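The structure appears right after this line, and notes come after that.
The letters A, B, C and D name the chains in turn, as written, and every chain counts its residues from 1.
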Amino acid sequence: MRARDLGICIGSLPPGPLNAINDVAGVRVGHETIVRGDGPLVVGQGPVRTGVTVIQPRAGLTRDEPCFAGCHRLNGNGELTGLEWIREAGMLTTPIALTNTHSVGTVRDALIAAELDARTDGEDYWALPVVGETYDGVLSDINGFHVWPEHLRAALSDASGGAVLEGAVGGGTGMICHGFKGGIGTASRIVPQAAGGYVVGVLVQANYGRRDRLRVDGVPVGDSIPTSEVPAPATPARTPPGAGSIIVVVATDAPLLPGQCARLAQRAGLGLARAGGTGDDSSGDLFLCFATGNGGLPRTDYGAGKPVEVPVSMVANPYLGGLFEAVIEATEEAILNALVAATTMTGRDGIVAHALDHDRLVAAMRAAHRL
Amino acid sequence: MRARDLGICIGSLPPGPLNAINDVAGVRVGHETIVRGDGPLVVGQGPVRTGVTVIQPRAGLTRDEPCFAGCHRLNGNGELTGLEWIREAGMLTTPIALTNTHSVGTVRDALIAAELDARTDGEDYWALPVVGETYDGVLSDINGFHVWPEHLRAALSDASGGAVLEGAVGGGTGMICHGFKGGIGTASRIVPQAAGGYVVGVLVQANYGRRDRLRVDGVPVGDSIPTSEVPAPATPARTPPGAGSIIVVVATDAPLLPGQCARLAQRAGLGLARAGGTGDDSSGDLFLCFATGNGGLPRTDYGAGKPVEVPVSMVANPYLGGLFEAVIEATEEAILNALVAATTMTGRDGIVAHALDHDRLVAAMRAAHRL
Amino acid sequence: MRARDLGICIGSLPPGPLNAINDVAGVRVGHETIVRGDGPLVVGQGPVRTGVTVIQPRAGLTRDEPCFAGCHRLNGNGELTGLEWIREAGMLTTPIALTNTHSVGTVRDALIAAELDARTDGEDYWALPVVGETYDGVLSDINGFHVWPEHLRAALSDASGGAVLEGAVGGGTGMICHGFKGGIGTASRIVPQAAGGYVVGVLVQANYGRRDRLRVDGVPVGDSIPTSEVPAPATPARTPPGAGSIIVVVATDAPLLPGQCARLAQRAGLGLARAGGTGDDSSGDLFLCFATGNGGLPRTDYGAGKPVEVPVSMVANPYLGGLFEAVIEATEEAILNALVAATTMTGRDGIVAHALDHDRLVAAMRAAHRL
Amino acid sequence: MRARDLGICIGSLPPGPLNAINDVAGVRVGHETIVRGDGPLVVGQGPVRTGVTVIQPRAGLTRDEPCFAGCHRLNGNGELTGLEWIREAGMLTTPIALTNTHSVGTVRDALIAAELDARTDGEDYWALPVVGETYDGVLSDINGFHVWPEHLRAALSDASGGAVLEGAVGGGTGMICHGFKGGIGTASRIVPQAAGGYVVGVLVQANYGRRDRLRVDGVPVGDSIPTSEVPAPATPARTPPGAGSIIVVVATDAPLLPGQCARLAQRAGLGLARAGGTGDDSSGDLFLCFATGNGGLPRTDYGAGKPVEVPVSMVANPYLGGLFEAVIEATEEAILNALVAATTMTGRDGIVAHALDHDRLVAAMRAAHRL
């Protein structure tokens, strides 16, 4: 079930066929979901509500054909590895993985190992993988380190260009958003043909926000389902209510330059703002945008026979407006899709994260004459 | 007339007594409005619809007692001088002035001259003033350079801590926002006593946005007053519809460190997003935040008798959440106040910027059950 | 007289024919030097030791054919207007002008006026000029505001692709560097053909540094000519010894992307470090790099008939090493050229800035076996 | 053996008693060195020349008493995790670890596990550790992933405030610098009492640079020991000569604010420039500075009884000059100390990294009259 199945459409641009990040040709998404055990938390044993999600930016090894990319930090209480090279050179050279806060390292090194296996040229090689996180310790035994290299490999194997599972799957398994069960969500938009006809896809791992701030297409839905009626799990001790994070990955087939990718990345925060995000101090609100429109980019390569100059294309800056709008709309809808897809989950110590009730959501939209 | 006079209140935090940037003690605002002539544009003669607005950050010469400050760029198609020292040292050392795009230089040097006049110590001295702009060439003879040093001095003389004029005044005189007459707007918020009880004030010079994107507290008011009914002036040739910019100045009496000011500045963009801003390519969406809570900061000073260490205070980071929310709410309301205050203006070549009709605004809010 | 005339060659890459920034085809440099009066300072009357230098990035109006550009801030106690658009879009759309700290505004608006005169299309238009500064108030009546629009126009008229005057000329007229007379200097380098054969040119307005820190090709020349023997003018009251700034403009004909320009800009600081710069707190050490290798870039343009995609080229990142080295070498040599070219100047109140004595410089290099 | 044992002293400020980063009170350094096997490379078996180095910023758990910190990227072809929170809030909340490129993840998660063991409060908790890397695959079986959690724990156990081992130890075990054997180096400086009398300590993991660029106190030592006489190991295929990286960690007991830490961090690049670094495209030249002078900083904490405001101190900006100079000098000397301490190492496939010969170094310095 997705937002559009309820009749809720964010914005004015049309979505792609899947209304998902992999409407961008070549992009593939895979999940590995780890759910195990119930009852009281025993560190190292569970209960476990976690996982890993991977995004393959394009067909083949990203390292052999990098994408231009850029990033933006709305709030930095989080981790997204590999950003230094993206800031410096605007090059995404590995798949992207999303997991829980305390498994970023395992997933990072496992990504390197997986890529080494896929290589046959025997050359020296180094990698700077991109791995992001949000915190699932409210529902899961995060300090048990339950994500292992084999889970990353399973997520890589699962990666496909087909319909993307949403809600409590992959890296989003144990996440909470606006006090409801959150997780993975995705959406896409197509800009008008006169502005290039490009596809923009967004995938979020949504784990942020206070209930009373939730807005759907401008309607204060969170206020209509207060925590006094539908409780929200407590955030960790010594953090403000609604603590948490959101990672947003934006993909497009437009031929953007690196700096243009960074500009799109910043617009994810505007979509987040419309949904009720404020970039809280406790949030890791980190956004990455990659653009596949320029193929054949040089890998980190040098030497005889390697070209000094490489032809690329750029979208003329005044035409970025449509892409900005697409990012804003798709981010807002991807968050909503995460909320709509997720079902109620009981985690460690019996803590419950309730799903956003579809009927109440629809009722709130109707009351505002938006449905 | 202001938004609250129509019953529209943005967000949940209470405003200060003036609901204006100068609810922050010591902050003073002054305008000089230049309106002259009608009819066809004759460069150098008019018609003129421009001006300058100044913000004095605190009592006395800012240079002798700087404020911590920070900034954020949502989109950089604009100018806000003096940002390099604010990025480097987090120090605001001059008043802030806002004017039209082609008068930034005149106003900048005039600020230096005015400050020289105010000094009596005879010491060597240099200044790096902060002057921002938006483009008023749709209504005004911007290439006639009608802002002169005397206008800056008049705005400085006008600066007071009393009620702030809004709409088509000062630097906002010739501005257009979401296709309606725009200009200067302001608002303030007070965070809860448990979070410090601080005041946050915002002043905007609003000159951005497409009609169909305007939202008021989430309600798509722009769609309900389409340009087919109430025309919007055309944006300059060869720019997309809705081209323009917004400068947001945030003030607070909280004792923020420079980096914390920058964090608040970024949140102005989230308030802008709620109002329908998208950070268009043609926009100079530049945000500045200064904090007066730390007094006695060292000016650019050195030598015998000058202390090496200076005591300051900071707001513990987890308590920034209330301030973030205050910035978001006050920015959204300041934009709305600019629209509500502005009256219809006819500019050069008979071009008309219509006011946002109060009745239609109220009707749209009521239809959505938000009033 | 230049460093190479004394036999001093910095680094290993060969310079271009002029060993100047305008070895980059199309780049033109013009100066207007304002020297007037002697004796005690009377604000508004003089003595005057100032001016303005302009750099035209390429043939024709930069606005009609912008260059990709990037910037870097080593220390931000200075002004270089127009950087927000360069950071955002990587586009240089105006000529670059350098002057004294208190004349930035006049020169900025005069650049707009001059460009308006050069246009005949009658279209709406806005400009965000790039104007930098260093402080010449030690020698000149900086608070007399002696740079006027006509001086900027004279510098524009003077701009040519021929040999560049160095030392106490144009914007560098009243500058002091490492306690010697400083000002404008320039140099260039050509990278090997296998790395593209590109030209890199650098122009500095050098007004920074303590005597004892001056190094020439690693030799501590400053220590060998101590201020006890050759006095250095006092820096302004309440600033540390050696206060001042340096603006570095880097040009190249390589087809760099905007982010690559920013990377080159940062390397200017490494050349500055070799010369003895430390990025002092009181310095405005701001660096701009533009690249002319991509022609036909879209101006801020939109609408029917305007292409959405634009083909450009980039230098493959691994080949940037030669360009980095070229920037480092040319920056160091440009600073040295400013020192070698400048002659002793007596400014306001009889303050003397001594030239770097060529004989002593050569003697110091010989003593270290570097000549 | 260290540079000063050879009579080579960089700069003019005096070092602290240890001339090491742990001259800053409370700072502790630990190494775990992993050297195993010889002969041809068999991935997963060896030979192994790697390790991990940890820096404890102050006594006790950093998380319970964070330090203000800042960072700078000279070139971003590398990884230093945890920077987003340092950029956002200027807070260092974990120890710092340095290792090889492909072991960053293991070390990161192991740092979390180690810190969890050290906690007894049972509270929810998350960590964003700071782990940096350089590439040791030229000498070591980097794709064998030979750094395990137990090695990180051993390095933590080894951490002490005593003399710091330098050269081929810890994270520096397999590193190469300017074509000589490199690794870990450290140095410190004390600024004058009138400027606060603060201590600045630097630790580098040096793995960068071409032979011909090596300079020692300005003397072109690299040119005097060319690779034709003393070979340098080949850099990885398809990278330019001299590929590699350097991580610089700066510590000080000065009460710096976060932005001031970032300013010091940038100066590490100026010291690197003097030593012959150019920030090559293939380099991860990432710099971190933390300041212990402000104690009692709030951890990520909130709630009843937690103060909203926290008193801190700052160094008045004009007094930063001495600290900048200290960073520059100590960075240059720390690099030299790494080179002087390291002894010749034979790695995988019999590849040899030669030590910088002390006699030839001294001879080169004497020839330039610098010894």
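What we mean here is this: a residue touches a chain if its C-beta (ideal position, glycine included) is under 8 Å from a C-beta of that chain, and two chains touch if they have at least 3 such contacts.
Keep in mind that what you see is a predicted model, and the values were worked out from it rather than measured.
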| item | value |
| --- | --- |
| Chain labels contacting subunit B and also subunit C | A, D |
| Comparison of A-D and C-D by number of C-beta pairs in contact, larger one | A-D |
| Distance between the centres, which are taken as Cα means, of subunit D and subunit B, whole angstrom | 44 |
| Distance from the mean Cα position of subunit D to that of subunit C, given in whole angstrom | 34 |
| Subunit A: positions in contact with at least two other chains | 75, 88-89, 238-240, 263, 281-282, 300-302, 306, 317-319 |
| Contacting residues of subunit A [partner subunit B, same complex] | 12, 74-75, 212, 215, 217-220, 238-240, 263, 266-267, 269-274, 277-282, 317-321, 324-325, 328, 367-370 |
| Subunit A contact footprint on subunit C (complex, rising order) | 88-91, 194-196, 255, 257-259, 263, 298, 300-302, 306-319 |
| Touching residues (chain side subunit B, partner subunit C) in the complex | 73, 75-89, 101-110, 112-113, 116, 123-128, 131, 135, 137-138, 142-143, 145, 236-240, 281-282, 284, 286, 300-303, 306 |
